[in-house]
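You will see two complexes here that share subunit A, one where it goes with subunit B and one where it goes with subunit C.
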Partner chain A sequence: MDGVWVFIGADSVIFAILFLTFMQDRLKNPALFEASRHTLNMNLGGLDTLILLSSSWSVALAIQALKRDLVDRVPRYLLGGVLTGLMFVVSKSIEYFQKFAHGLTPGTNPFYMWYFTLTGMHLAHVLLGTSLLTFLWIRSRRGAFSSVHRAVPESVASFWHLVDLLWIVLFPLLYLMKAV
Partner chain B sequence: MSVLRERVTWVWLGLMVLTCVTTWGLSKNLFSPAVAVVGNFLIAAVKVRYVMLDFMELRQAPVPVRAVFEAWPVLVAAIILGFWFATPAIR
Partner chain C sequence: MATHAEHATSVSARALPPYPADYRTWKILAWTGPVFLAAVFGLWGLLARNMPPFPPSATPDEVKAHFLEFRLPLLVALSICVTMTALYMSWSVAVARVMERIEGPGGVLSKLEMMGGTITCAPVMVTLAIWLTAAHEVNYLTPGVMHMLYWMGWLLFDLAYFVTSLQIAAISIVFMRDKREKKLVPEPVIWWGWVTFASFFAVSAIPFVTTGPLAFNGVISFWIAFFTWFFWIPSLSYFIIKAVDRIKAEDKVAGRVNA
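For the complex of A and B:
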């Protein structure tokens, strides 16, 4: 389980450096960043946050059920995590499609380069996490986990919560940060 | 195991409410940019802390490990807000 925490720590540091570099770039051209920010769909971004928080909650409930050997409840909570993960992927795909339809790409300006890079890296985490949760869901339906065999589910759950907390910072950074 | 009696459920509800406050409250033009941005990132730091402590179960982790992870939202919010205040006004 220690390896997962090293990975989570390293990933958090990488994202913190990316946030810092984004702010450095924003400092050079705040007007461009502010104008570009206004083209993002704040409501969809807020909805994405609610989806990921609900996903994390569902997975946290699965771990609580596992600890108490309520193994029959674990698959349904994990399925909740999988479905909400997929909802996030669909929502982000809609958002990307809207941007491309308006001719907005990573090459449009530095803000969109950051928008696609940061959300793209995060989306890769969501896809990996959703795949791992699907694997856990299938295995849990076969009774593979219990209170004494929970290292793998706990590791995947911790990774999934990391995905959630990264979005908690990414969302205000890209969508909500007003300029003076 | 009643879902309503689980601590994670109440934490989740709190996080959902805070998300609505920042997305559809603080971000309206009722507040100055400084109030909105500081509020958004302080709330984000609090949300990250609760995700770490209750969803990731760091509340039960050894103190040094918990301290390192809890420093992350503080540091990230400080970096972002520091740069935001250092950025020149656009109007």
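For the complex of A and C:
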């Protein structure tokens, strides 16, 4: 499964390009980006960060348990990852619903185009990651993994940590950093 | 003692079709992929001024002015490119044949790959013909019609992406299943295929936006989606060309060279 690092590396580079392009667009219209940034829900953004950090921690514990052949603990840690992933989806849906209710859409202005594009792409990653964690959880309950059979769980965990890392960059970039 | 790889080879050997393998033609077809890419990049991309594309936010008058200004290079580039697009089909045939050596003759994913590669040519050719018509008839068409033809081309070109996505998915799945100790296509190239597959989805947004990262000239819908594909084609081609030699060597060892 070494090739999975190509996927993770390419995904990181793609997001890095998007972050740089966002910064470039922000330089063109800092006042608009700053005013729009203030309309974002910092509390939900902060909560999302805590959720994803907890999720990554839970998945890391699952891999650690697997390495020590404590296989009975693995499903419960993976379930923690699945549930926190779902919590993130719910939280992001609430945030989107609030924006739409206030008439804010990707067409509102360039900031919102970026906000919905970046968080939407990240959300797609969360959905994929949560689905993969669910698959692992089901398989782990059947005892499919062990310290010697852990390539698939480690690959999924690496992807999940990337999803977390991307949010760690996205949150300050969109919600916290002043444009002017 | 037989190794795992030898076992896999002998299984595929038993499943070989009775007709001869023409390795030279097979290899020539494998080379048509890079030739297709060079043509698209040089003609459609550079000569026809599509890197970056003329903006989707352009007014009908601006679109007409663009086609008037670049009429001759557009006529030359697009007319040659329409023809050269067929090379993607011939390349897909070569790839399918390599896939059959893993999947077995007539494998469903090999078929899907060949169909996907072939049908990919259709929207590309039609799009190029639409833009060629626009360039050819620019002096007689209204700005509104020019704008429509320009947009029609992009919508067809981009939104038919899932045909190619299925081709890429079929290729990635089959080469992941290769049991050889040294796979015919290495994992990094297979996973780059998945990156390409994933990057295409964003272009579904192009009917709804004219500016920003998702517009058809945007960083996601154009630069990322197109260049992941542009990088995937030669990377895969390199290993497909090498795979033909490797398969020929395997056939020789098994006493099955019949062409």
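Just so we're on the same page, the second predicted complex is superposed on the first by the 178 of 180 C-alpha atoms of A that agree within 3 Å, B and C clash if a C-alpha of one lies under 4 Å from a C-alpha of the other, contacts with A are read in each partner's own complex, and residues count from 1 in each chain.
The criterion applied here is as follows: a contact is a pair of C-beta atoms (placed from the backbone, for glycine too) under 8 Å apart; a residue touches a chain by one contact, two chains touch by 3 or more.
Just so we're clear, the structure is a prediction, and the values are computed from it rather than from any experiment.
**Student:** On subunit A, do subunit B and subunit C fit together or clash when superposed?
**Tutor:** Aligned on subunit A, subunit C fits beside subunit B.
**Student:** Considering only touches as defined above, state whether A:M113 meets subunit B (first), subunit C (second), both or neither.
**Tutor:** In the superposed model, A:M113 contacts subunit C only, not subunit B.
**Student:** Does subunit B (first) or subunit C (second) touch A:A31, or do both, or does neither?
**Tutor:** The answer is first: A:A31 touches subunit B but not subunit C.
**Student:** Which of the two partners, first being subunit B and second being subunit C, lies in contact with A:S93: first, second, both, or neither?
**Tutor:** Neither partner.
**Student:** Report for A:L18: first if it touches subunit B alone, second if subunit C alone, otherwise both or neither.
**Tutor:** second
**Student:** Spot which of subunit B and subunit C makes contact with more residues of subunit A, would you?
**Tutor:** Residues of subunit A touched, subunit B against subunit C: more for B.
**Student:** Considering only the touch criterion stated at the top, classify A:R68 as touching first (subunit B), second (subunit C), both, or neither.
**Tutor:** The first partner, subunit B, only.
**Student:** Would you please give the vertex angle at the Cα centre of subunit A, with arms pointing to the Cα centres of subunit B and subunit C, as a multiple of 10°?
**Tutor:** One gets 110 degrees for this angle.
**Student:** So, does A:A60 touch the first partner subunit B, the second partner subunit C, both, or neither?
**Tutor:** Touch status of A:A60: first partner only.
**Student:** Looking at the overlay, what does A:K178 touch: subunit B (first), subunit C (second), both, or neither?
**Tutor:** first
**Student:** On the combined arrangement from the superposition, state the nearest Cα-Cα distance between subunit B and subunit C in Å.
**Tutor:** 14
**Student:** Could you give the residue numbers on subunit A that contact subunit B in one complex and subunit C in the other?
**Tutor:** 5.
**Student:** Over in the complex, which subunit C residues touch subunit A? Could you list them?
**Tutor:** 186-192, 194-195, 198-199, 201-202, 208-209, 211-214, 219-220, 223-224, 228
**Student:** Per the contact definition, I'd like the list of subunit A residues that touch subunit C in the complex.
**Tutor:** 1-7, 10-11, 14, 17-18, 21, 106-107, 110, 113-114, 117, 121, 124
**Student:** Could you please specify the touching residues of subunit B with respect to subunit A in the complex?
**Tutor:** Residue positions touching the partner: 1, 3, 6, 8-9, 11-12, 15-16, 19-20, 22-24, 26-27, 33-34, 36-37, 40-41, 44, 47-48, 51-52, 54-57, 65, 68-69, 72-73, 75-76, 79-80, 83-84, 86-91.
**Student:** Which part of subunit A faces subunit B closely enough to touch in the complex?
**Tutor:** It is residues 5, 9, 12, 16, 19-20, 23-24, 26-27, 30-31, 34, 42-43, 45-46, 49-50, 53-54, 56-57, 59-61, 63-65, 68, 70, 73, 157-158, 161-162, 164-165, 168-169, 171-173, 176-180 of subunit A that touch subunit B.
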